[in-house]
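Right after this note come the structures.
Look for subunit A in each of the two complexes below; its partner is subunit B in the first and subunit C in the second.
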Partner chain A sequence: MYGILLAGAMAFMLLDAVRILPSEPSGLTGVVDSQMANSGVEHPVTAVLLNFRGYDTWLELGVLLLAVMGVLLFQPGTDLARVQPLARSDAVLRLATSLLLPLAVLVAGYLLWIGKYAAGGAFQAGVVLGAALILLWLSGNATLVILPPHGFRLILVLGFCAFMAVAVGLLIAGQGWLELPPSQAGSLILFIEACATLSIAWTMAALIIGLQPPVSGKQEGGP
Partner chain B sequence: MTSWLPLLVLLPFAGAVLCLLVRGRGAPAIGVATSLATAALVLFALWSLQTSGPVRVQVGGWGAPLGIDLAVDGLSMIHLIMTAVIGLFISLYANRYYDGYRGGQKDRARELFWPFWLMLWGAMNALFVSADLFNLYVVLELVGLSAVGLVVLTGTRDVLGAGLRYLLTALAGSMCYLMGVALLYAAHGTLDLFAIGALIQSDGVSRAALMLMVTGLLMKTAVFPLHFWLPPAHASATAPVSALLSALVVKASFYILLRLWFDVFPGVTTPLLGNLLGLLGGGAILWGSLQALRQKRLKLLIAYSTVAQLGYLMFLFPVTAGMADGSSLWLQEVSKGTVCHVLSHALAKASIFLSAGLFILAAGTDQMSAMKGLAERMPLTVFSMALAAVSLMGLPPSGGFIAKWLIMHAVLGVGQWWWAPFLVIGGLLTAGYMFMMLRPAFLEPDPGPGLKPVPRLLEVCTLALAMLSIGIGISAANLLNLVMIGNPFSIPGGGW
Partner chain C sequence: MTPMAWALDGAIMIVMIVLAVRLLLVRDLYRAVILFVVFGLFMALAWVRLEAPDIALAEAAVGAGITGVLLLDAAKKMSRGRGEEEP
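Now for the complex of A and B:
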């Protein structure tokens, strides 16, 4: 009862707040436009994500890493080596997979590249690649499960580490904290995004596959 | 020179990644090395702040409002130091603790404690130096997720339930905070804390943002009645994790609350809101203490004590709400008292949870009835517990005494005498549950299986934290002068 009253009061406050918000967006579009030339890319969203507020994006990659590590905590050994692969599926799904898979990889690469000029980038490319990995899994292939634990973890941390490596390299080169020099910003951003794409794809797939029960008999207690 | 600022975040994160990639016994070694390096770095940062004053760094060289700014003043620094000192001792403790730990998935806990803890440390460092509201949101998520990972480390059933409840509360809190950030950005077109503070008007938007952000942060700080997730999470986690959560993690969201109160919303806060928050604090003290008195398990008692002690932090708000004159003596005094309480509670609570861990290692249970004869068999552990209890009760010359004295003085100074009974009764109740906790230790031991010996290093770490919680009472003047670098508690404007 009190909960409903409180929620009602909160909703009223929010409605009141939204009513008096300025109708003209006072955001930072103008500021972003004026600095685009120094960002190394031509699409404002990519510029904000990877350069102007790249620090946030780096930390977000850390959030993704923590999320996937948290899910993998429920696998004994915290990798996928003991996950039971699905049974081989029917011929139609296998054929569809073999047709779609190369296409998905191609699309992911394209999305990664186009991020410099238009909507796209690491997150979109990573999601497409991750979907391809899940499709591969659903059609009965072992995919991520056969990776050695070491390699698997290496790919998961790749994006976060690429950002960190760039940051450290720039500090050693005498630049400020995450200060990309305009002349090299484009290639540095592409490098970070390429690494992040792999990490995001593997993270997405591992979030699905990691929830599968481990092979019975080898379970080391736990949930 | 401000090159230490990025390293505060980079160093623990790099250590975390290495710990993830290295299998087996390597992780603890890297973890301890990273902890030592980070603590040394914070020491250097302290020296740098004292010699050259507050620091402001523009990440990427863009500067607010386009980019993200970082700012370090005395308030940030004292939190960085608190995290470094307590973090270092807990690291040394955890290194040996999981060797002797029984139950749950021991090997996995020993290995995975490190990546999650170092991510948490890096995230907290990032939090204490951030001056950007959205950046603070991202960092809060990092803190929350790594803390949840630490809680569920051993994977037992009660840990999973507590961890899930913690995760859902933390996410709900973050969402509330984020909605407030969105409102402020829509209204002012910047995310910089100090810039918004200079622009803000007391209108519907800022009031709604204030309410949302305060609610979200109160959830994460576990302030009564939003504390429901804390006791199960803090009591069921392993001892080093409980110490980290109770001492440091809840203080991180309280730090943001302080920043918002003094730097973003000084013109928006009202005495009504301040009194409401004070009332929650009073409720926390009474409810948390009474619950602590009813517990049979040691770690649950300590967890409820955290709920109670967090209440003392809330009296800052009624004293300072709507204060027009920023140079007011009482404002400075209550702020210093509150920061002192943050510190002394963190040290005492970390120590007392580590003591509980020692008892669990030795006895294999945390039922207080099994503590009979502990004073004879583990004198050092019981001595640490007693010292920490002195600080929590607020007896002189501990840090807890200085904190409660300053808060009491300020509360009476501004004529809000009605908070004083809460402070007094809180002290008595704390003494009650602390004596209840210590009493069985001095009884005649039951005949039966003895206690397993615990490594001496663990007892030393625990004792060191307990002594520090007393010691900060003696050197409080120096510490509180450090907090005032950059004048973090000033109204209005707040920027520098």
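Now for the complex of A and C:
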């Protein structure tokens, strides 16, 4: 009963909010449009995410890193080396994986590249690549797990560190904090996005794989 | 807007509301997760109709894909734990 009342009140407030929306788009659209020439990219969303508002995106990568660290802390050895590989799955899944995997890598690369001109970018590309890695894991392929622990951790922190390297490098070069110079902004953004794509992909895969029980796990299911 | 666009937007809206209600009322966790994934896909369609392709891509990949896998994993673990408690 209370639930229905609450839902009704909520729906009323939402409808009322639509009524009082300003008819003219306000906010920073005009400012972004006027600065697009200095952003190094041609898509306003990418320009805002990676250039005008780069600090936020950097910290978002930090949040992802913290999340995956939290998951991996429940693993002995804080890497995936001791996770039990799944049994080899049926032939259909293996065939589908072998067909989809190259396509997924291609799509991820395309999304990363197209982010400069249209919808796309590091997060979308990273998630597609991460889904490919999870598919690889689900089909019983242990390639991810036998990756050397240092290499694995390096990929996890790559995106965050690339952003930080660019920020510190620009400070040393005499620019402001994360103030990308217009002449090099395009290549710097592509560099940051490429590193972030790898980090996001491995973070997504590690979030799933890291939750599996370890090989010598006597306390199955974890804490 | 053309009548076709109105029909499409209306269909997406109705399906999303029905899915949301079903999703909240269903008792079986596995079914709830599947409904959540379907809801995420329709949400992505809605973002496309709102001319926000960036958010649509992220919603389809994260909301429907990765979250779905994580929730399925959690649901499996929860049902296994319950099974052990009630022999």
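Here is the rule we go by: the second predicted complex is superposed on the first by the 190 of 223 C-alpha atoms of A that agree within 3 Å, B and C clash if a C-alpha of one lies under 4 Å from a C-alpha of the other, contacts with A are read in each partner's own complex, and residues count from 1 in each chain.
Criterion: contacts are C-beta pairs under 8 Å (C-beta built on N, C-alpha and C of every residue); 3 or more make two chains touch, one makes a residue touch a chain.
What you see is a predicted model; the values in this text were computed from it and never measured.
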Larger contact residue set on subunit A - subunit B or subunit C: B
Subunit B versus subunit C as contact partner of A:Leu207, first or second or both or neither: second
Which of subunit B and subunit C A:Gly130 touches, first, second, both or neither: second
Touching partner for A:Gly70 - first (subunit B), second (subunit C), both, neither: first
Partner chain in contact with A:Phe160 - subunit B first, subunit C second, else both or neither: first
Which superposed partner A:Ala119 touches (first subunit B, second subunit C, both, neither): second
Contacts of A:Gly174 with subunit B and subunit C, given as first, second, both or neither: neither
Contacts of A:Arg19 with subunit B and subunit C, given as first, second, both or neither: first
Touching both subunit C and subunit B, counted on subunit A across the two superposed complexes: 221
Contact footprint of subunit A on subunit C as seen in their complex: 53-54, 56-58, 61-62, 65-66, 69-70, 73, 77, 80-81
Footprint of subunit C on subunit A - complex, ascending: 45, 111, 118-121, 123-124, 127-128, 130-131, 134, 204, 207-208, 211, 221
Sites on subunit A touched by subunit B in the complex: 10, 13-14, 16-17, 19-22, 25-28, 31-32, 35, 51-56, 59-60, 62-63, 65-67, 69-70, 73-74, 76-78, 149-150, 153-154, 157, 160-161, 164, 167-168, 171, 176-180, 220-223
Contacting residues of subunit B [partner subunit A, same complex]: 3, 5-6, 10, 13-14, 17, 20-21, 23, 57-62, 65-68, 70, 104-105, 108, 112, 115-116, 119, 123, 126, 134-135, 138-139, 141-142, 145-146, 148-149, 152-153, 155-157, 160, 179, 183, 185-190, 203-205, 207-209, 211-212
